[in-house]
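Residue numbering begins at 1 within each chain, and the chains themselves are lettered A, B, C, D, E and F in the order written.
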Amino acid sequence: MPEFNQPLGGNEMPRFAGHASMFRLPTQVGALGLDVALVGVPLDIGTSNRTGSRFGPRQIRSESVMVRPYGMATRAAPFDSFQVGDIGDVPINTFSLEKSIEIIEHFYDEVLAAGAKTVSIGGDHTITLPILRALHKVHGPVALVHVDAHADVNDQMFGESITHGTIFRRAIEEGLVDPAKMTQIGLRATGYAADDFDWAKGRGVQVVTAEQCWYQSLAPLMSAVRERIGTDTPVYLSFDIDGLDPSVAPGTGTPEPGGLTTPQGLEIIRGLWGLNVIGADLVEVSPPYDTTGNTSLLAANLIFETLCSLPGCKRRD
Amino acid sequence: MPEFNQPLGGNEMPRFAGHASMFRLPTQVGALGLDVALVGVPLDIGTSNRTGSRFGPRQIRSESVMVRPYGMATRAAPFDSFQVGDIGDVPINTFSLEKSIEIIEHFYDEVLAAGAKTVSIGGDHTITLPILRALHKVHGPVALVHVDAHADVNDQMFGESITHGTIFRRAIEEGLVDPAKMTQIGLRATGYAADDFDWAKGRGVQVVTAEQCWYQSLAPLMSAVRERIGTDTPVYLSFDIDGLDPSVAPGTGTPEPGGLTTPQGLEIIRGLWGLNVIGADLVEVSPPYDTTGNTSLLAANLIFETLCSLPGCKRRD
Amino acid sequence: MPEFNQPLGGNEMPRFAGHASMFRLPTQVGALGLDVALVGVPLDIGTSNRTGSRFGPRQIRSESVMVRPYGMATRAAPFDSFQVGDIGDVPINTFSLEKSIEIIEHFYDEVLAAGAKTVSIGGDHTITLPILRALHKVHGPVALVHVDAHADVNDQMFGESITHGTIFRRAIEEGLVDPAKMTQIGLRATGYAADDFDWAKGRGVQVVTAEQCWYQSLAPLMSAVRERIGTDTPVYLSFDIDGLDPSVAPGTGTPEPGGLTTPQGLEIIRGLWGLNVIGADLVEVSPPYDTTGNTSLLAANLIFETLCSLPGCKRRD
Amino acid sequence: MPEFNQPLGGNEMPRFAGHASMFRLPTQVGALGLDVALVGVPLDIGTSNRTGSRFGPRQIRSESVMVRPYGMATRAAPFDSFQVGDIGDVPINTFSLEKSIEIIEHFYDEVLAAGAKTVSIGGDHTITLPILRALHKVHGPVALVHVDAHADVNDQMFGESITHGTIFRRAIEEGLVDPAKMTQIGLRATGYAADDFDWAKGRGVQVVTAEQCWYQSLAPLMSAVRERIGTDTPVYLSFDIDGLDPSVAPGTGTPEPGGLTTPQGLEIIRGLWGLNVIGADLVEVSPPYDTTGNTSLLAANLIFETLCSLPGCKRRD
Amino acid sequence: MPEFNQPLGGNEMPRFAGHASMFRLPTQVGALGLDVALVGVPLDIGTSNRTGSRFGPRQIRSESVMVRPYGMATRAAPFDSFQVGDIGDVPINTFSLEKSIEIIEHFYDEVLAAGAKTVSIGGDHTITLPILRALHKVHGPVALVHVDAHADVNDQMFGESITHGTIFRRAIEEGLVDPAKMTQIGLRATGYAADDFDWAKGRGVQVVTAEQCWYQSLAPLMSAVRERIGTDTPVYLSFDIDGLDPSVAPGTGTPEPGGLTTPQGLEIIRGLWGLNVIGADLVEVSPPYDTTGNTSLLAANLIFETLCSLPGCKRRD
Amino acid sequence: MPEFNQPLGGNEMPRFAGHASMFRLPTQVGALGLDVALVGVPLDIGTSNRTGSRFGPRQIRSESVMVRPYGMATRAAPFDSFQVGDIGDVPINTFSLEKSIEIIEHFYDEVLAAGAKTVSIGGDHTITLPILRALHKVHGPVALVHVDAHADVNDQMFGESITHGTIFRRAIEEGLVDPAKMTQIGLRATGYAADDFDWAKGRGVQVVTAEQCWYQSLAPLMSAVRERIGTDTPVYLSFDIDGLDPSVAPGTGTPEPGGLTTPQGLEIIRGLWGLNVIGADLVEVSPPYDTTGNTSLLAANLIFETLCSLPGCKRRD
């Protein structure tokens, strides 16, 4: 008799059948009683090129039905460790980016007030700013592990100060993130200026380009990241699927060649184990460009691995 | 304050967001308290050519989010008329057609015992046989309106007596359907024998080929069908999406050129108004071949129109 | 030696080659010297369901390379009749619907000031409102022929008064359109309320549902429309591709089954011949859902036919 | 015990299994002993826009597995009437259009010398010219029923006199076809000159535009065509799939909106019954643009219907 | 004059043309006279999630036309070494998994009786059990190299003991495979229990997870595998395409992120050289999810490499 | 105030909007005044298997809109260094490979006469031969870095001496390339003969197979290549996208498994820095097989990196 919510098993209902909640977990309205709330944020109007990530939460849930409850490599058992539930989507206002930013922040205020951690399913990367704003009220400045092809530290885009390409500039300026405990991994390709990646560096952010990752395990990097952050500091993980190479994650809005491999992505998330992870998001999956569903499936697995790295997750001997 | 379950409105949650239940209606376990139960039957191992209809219920639900609560042409208001709910999928055994047939029949026995009508979302056409078996225990032989490219009256396929191509032979033999009140619409293309369509005719079934429908409204046909069946006889609608032309319904397993148009499909369903419709299914949508989602969207609309034709559905002046 | 801009011929450069301007016409900045300016408006953040129409102008231009310079049925020769040019896209602010509405209006003010008519390539239907506002300053209230699956007369969507589903309510309220000379063709499917189509009717708009069009030529309808509008009244054509059936135009954001056929769409545009057409748009093509390019190709042809129906277009004997 | 080659039945081998010969018929090298030879001509370098029809024969064969041996509407039984076989593809030289034209002609010389009729699977429309040249040596000038969106009577394309857009000009000039017994059906859309369709008319060809076909059965037209041609004249059918509307045949290289419906296409082929059909082709299916396989499936059905219209095909009472 | 069957050359018939037999080899009924029989097994009803692998044999054959007769890295010349032929597909009963298992076993009994080795083209992984049963009668227990994302050692799925996820439990229990000479490579992701991979380990199976393979050549592993098995032991290769990463093999039914690379897959097969390989299969390619055909092309290459690793294959200096 | 042509910025016009010239640079007719001319060569009739690369230039331009003006890893600033312009496509004769070869050569003669370097966008690999012929007149024999899955040194294909598989045999025979300064990287898979790769080796060409590249950085290789070629020798880069693995570049005509990774591709191009690169091409992208656009996007990035490696490109400290 399980203590916590359990995913609907493949022997009770075929995986292609039944309601497609995240990991086939029970759904509920609001986060009351949950240790971890899975939240969809179907916003894509902060996007500068291809849209479609508004369908990210639905499609990632649909593909998450293949994820089983135990991590084979980590031997982690998140659903034996936490009460996890799927609390649905934030009712964003799809006609106004400005209003949606506020709606998201208030939604997270309530979830956090209920005592749950959030693991969020985007949506475009703009969603991370209001989430960090809500987290800041509870945790103060957080450490940040940021996987991405892009630094997202533009000052403005088309005159706007909040878009999917400016959020970490805002987050640092607003003191939501401690740049001395921020690491960006996977940055690459082309920029608006040769110093695009330098603004963050100048504030103490550790920038690890994709080139620095090629051909090798990121376990050593993550060891250094853990040391840099320390075990008590609250840490947030923001994982833009375009940090990974387009070959493994084609279904995204602003793909850039030469990115991280899936093993590297997994090592980053698994490498958070031992840190005080207080929240996470997985963003920028765009289903119209995910012709096989495999980008969404990868995203679902990365979210599962994130659950496995939350502090307190049991690991079987 | 609505009396009945209402679809989640587009102004409460964007249509691309939230859990994708059928028509965004509340979900429940079992049919208790429902007038109409929407049921998915994700079976596709009764299929002789392309598979994939196991994903039909999930994909049709996903696209059904676009369907709004009122029919504009009929002015019908099903959600002001009935308690309608989405009771999820039948937990078929995907490795055994034989066992699945039994599982489906028992599932429907229970739903019918709860007093609900069923409108079913396939799955391949094999599902109709166990549904008819369950209905027979309650209603005796039923009248049948059957939209399809194929007669589905083969005696056997590959030596098997129950497949998606034999079910109406079985249904007539078992007395589940009254052939004198059965009409098949849309039959066409090629057959195993020149008399493929004649077996049913010989038992009194009215066969209306696609050719007989070309270039014209089916309102007159449906008027004759209504007269043939009579207003009291319990009627079942079995709508194989391949009755429609592949241009409007490409996402199906055994498409045949030269089929019915969407207006004709709508006229058939709308033409049931006035009859004692006691159940219905929509089958053979195969999402892997529905590259735009539009076949599933069409299916969702046809299911909505079916609700509008159920006896007692209110129609606004 | 041609008097006017001529499309680059298929014997000078293969159709799959060369820059993909609209109809392979010369491009220019601004509308100076043009009789007709082809304008792209790549806005899709006014959309309530599927996005992607931001790529409409680019994709329609890419497919327009197949359109040759003469209409075979009408024998019309637009490029022998007018100076037509492709003046590129309006630089909308993709992060703000409100600002984009203003940018579009100002852009059209300038084009109209240069003396050119506009034929616009969307983008979602929201673009029509600022275009009508600009036209109103020049022409006063205009007659409107509106092809669509939806009435687009909602008062608000998610609390917003300007979205792709509210524009014609605004246009009538603001006096941009004369409802007594407005005809909506192709409306159908489901609505938020059973009287969704009635608001416009109450203001004198002629509503022609898809059902009223099934199985027949629309030439008689267009004859009546011409009579209703009269030959001098300035007329605007707003053609939402989803007025046509999803089988012919799958690549759109909110498809609805049972729509107009391509012949009917062509008859509507050809039926404008003889009226004082002062502008037009073709909206809601969403390339991510146009898996073959054929929706964009259809759109390009409809835009060509619109050129052929502009007053003064020469027709060869 | 069948007298003639029979298609491999669905009860002997599932339709998705086994070698994908045309209609699952036996294959053979050369046409010896055959009444009707099915021949693939995988040429696509005569194409002016989208390529890909080189894969037409393979894909049409793959989808032809769904076609069963009897025509339900015509009650025709071609495989009880003729010895039909699949003799594979013409080994064209894919690097040289000129040499391929010669290779094709010689291939057909040999097939005709073996006493077989040919029903050909394209490939682009260029293939029809060498086929007609070979036929001319046996039959003299033939009557022609030509279904197409385009007249294919350009004098030259890019300076070349033989391409997929010039072949019927050449065929008439070379005396291969009797223009007084030639009918073109489905012509439409845009042209290089307003008189594009007039060259053929001036030589006595009957031109039936798509517009003349809208909203009606083509049975009356075919009755007139049969009368015009007469029962003894050798007739060739050249069916370009783009004669049909892109909604039913999206997978083609130069689609044009507003084309024939599938029922009209079937009526044309069925309307040949009673004529002395001595050969036929089905061309311009381009599998890379046939995302569901349904264009190829339609083509396979049209080829089957062509067999049913060959003189001597038995029809069951 | 070649001693053995030769693939049809690209200079005799373009690669896109001609019948698509495996590697363009001659086809024959039955295995008589063959050293190696290529066999398709188009079964997909043993699948627990996405179907479609029933089309695997046909699609892999279609893409195999690109494979030329010599391995450039190995300098192997299989068609100079063996008589290889394509003997078509097993006529499975697509409506019954149980009966299909028997049909497959009997089919292989006959092929083995004819003296041929089999290299099989799936189909889902269930097919390997009846193949191993047939092999066991000839060879006794075999060594097994098993490439897969999943262990396939579940006891039951949905109450069934034979499905694509239980076969190696059955094979070990039935003594078909010697677990002490069995190696599983590529296992990863999530499981039903944290000890999912441990059942096999407990019986002596060597389990090499994907994580153990990341970032390195598998040549050393294969050297160890060869030593473990020994040169005389009969070895079977069962290669589930999902052992490879979804980026290289998207077209499969139960993809799992973080899998083997193509070089690793090639090294595994090439690393069998020197062993007594007595049969092999390549399973779980699902064409509906193989949107470019490249998964099938990869599968065809892996099958070619398997031929190159059969004992006795000549290698040019 | 920029000295040179600048790409249209994302803050002036959204990336999805505006004319899709290469890198959003200004277009011009002819190369006058340019240091570097970007040229499309939309030829695909030299292709032996899948066609479609005729759409390569258009699609690569469309995706190039995402490329920003600075290389982040190299800190290179090509648009601060050179006058670069997009001069459109060569007007090839799509019906004649022979004539197209001549047209291409003459086109390049003129561009070179204008003093511009060319970076070319294919089109199939056949285009490289006439480009090398034109270059030879200016530079004499050139060094060649050739990335490809195939050696392209066949003597003939189907009897033709110039196709996409024979060009480097011709180039060496004609003295256009100095084989002692030619390196082929990425060769692999299967061949017509076991010595397919040996012809080039025998003439002094350095052949680096894909297998020799697996699991490692190519920086050391490129160091050796630079040494071999020397800093003054004019070098041409011919980059066939199929040199890369199909997982990163699925959209190509003759994919081969086991190819180079994107990092390796980038290292090759970046490794040219310091050499006297006098021209380059990127060939064999086939958009119909590039279902997400990501192959074209990768190609655009590789072309950008090529600009960054041209001698004289400024690099920011």
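Side notes on the structure shown:
The criterion applied here is as follows: a contact is a pair of C-beta atoms (placed from the backbone, for glycine too) under 8 Å apart; a residue touches a chain by one contact, two chains touch by 3 or more.
Not measured: the values here are computed from a predicted model.
Shared contacts of subunit B and subunit C, meaning chains that touch the two of them, come down to A, D.
Set against one another, A-F and A-B show the most C-beta pairs in contact at A-F. At the subunit C-subunit D interface, residue numbers used by both copies make up under half of all numbers present, so the two copies contact each other through mostly different positions. Work out the mean CA point of subunit C and of subunit F, and you get 41 Å between them. Separating the CA-averaged centres of subunit E and subunit F is a span of 37 Å.
Under the contact definition stated at the top, the residues of subunit E that touch 2 or more other chains are 14, 16, 48, 50, 54-55, 94, 157-159, 215, 245, 247, 289, 291. Here the chains touching each other pair up as A-B, A-C, A-E, A-F, B-C, B-D, B-E, C-D, C-F, D-E, D-F, E-F. Residues of subunit E that touch subunit A in their complex: 48-50, 156-159, 187-197, 209-211, 214-215, 245-247, 250-251, 254-259, 289, 291.
Across the interface of their complex, subunit E is touched by residues 12-14, 16-21, 27, 40, 42, 54-55, 57-58, 62, 88-92, 94 of subunit D.
Across the interface of their complex, subunit E is touched by residues 9-11, 14-16, 65-73, 75, 77, 215-217, 245, 247-248, 262-263, 266, 291-294, 297-298, 301-302, 304, 316 of subunit A. Here subunit C touches subunit A in the complex through residues 44-48, 50-52, 54-55, 93-98, 157-160, 162-163, 288-289, going by the rule given at the top.
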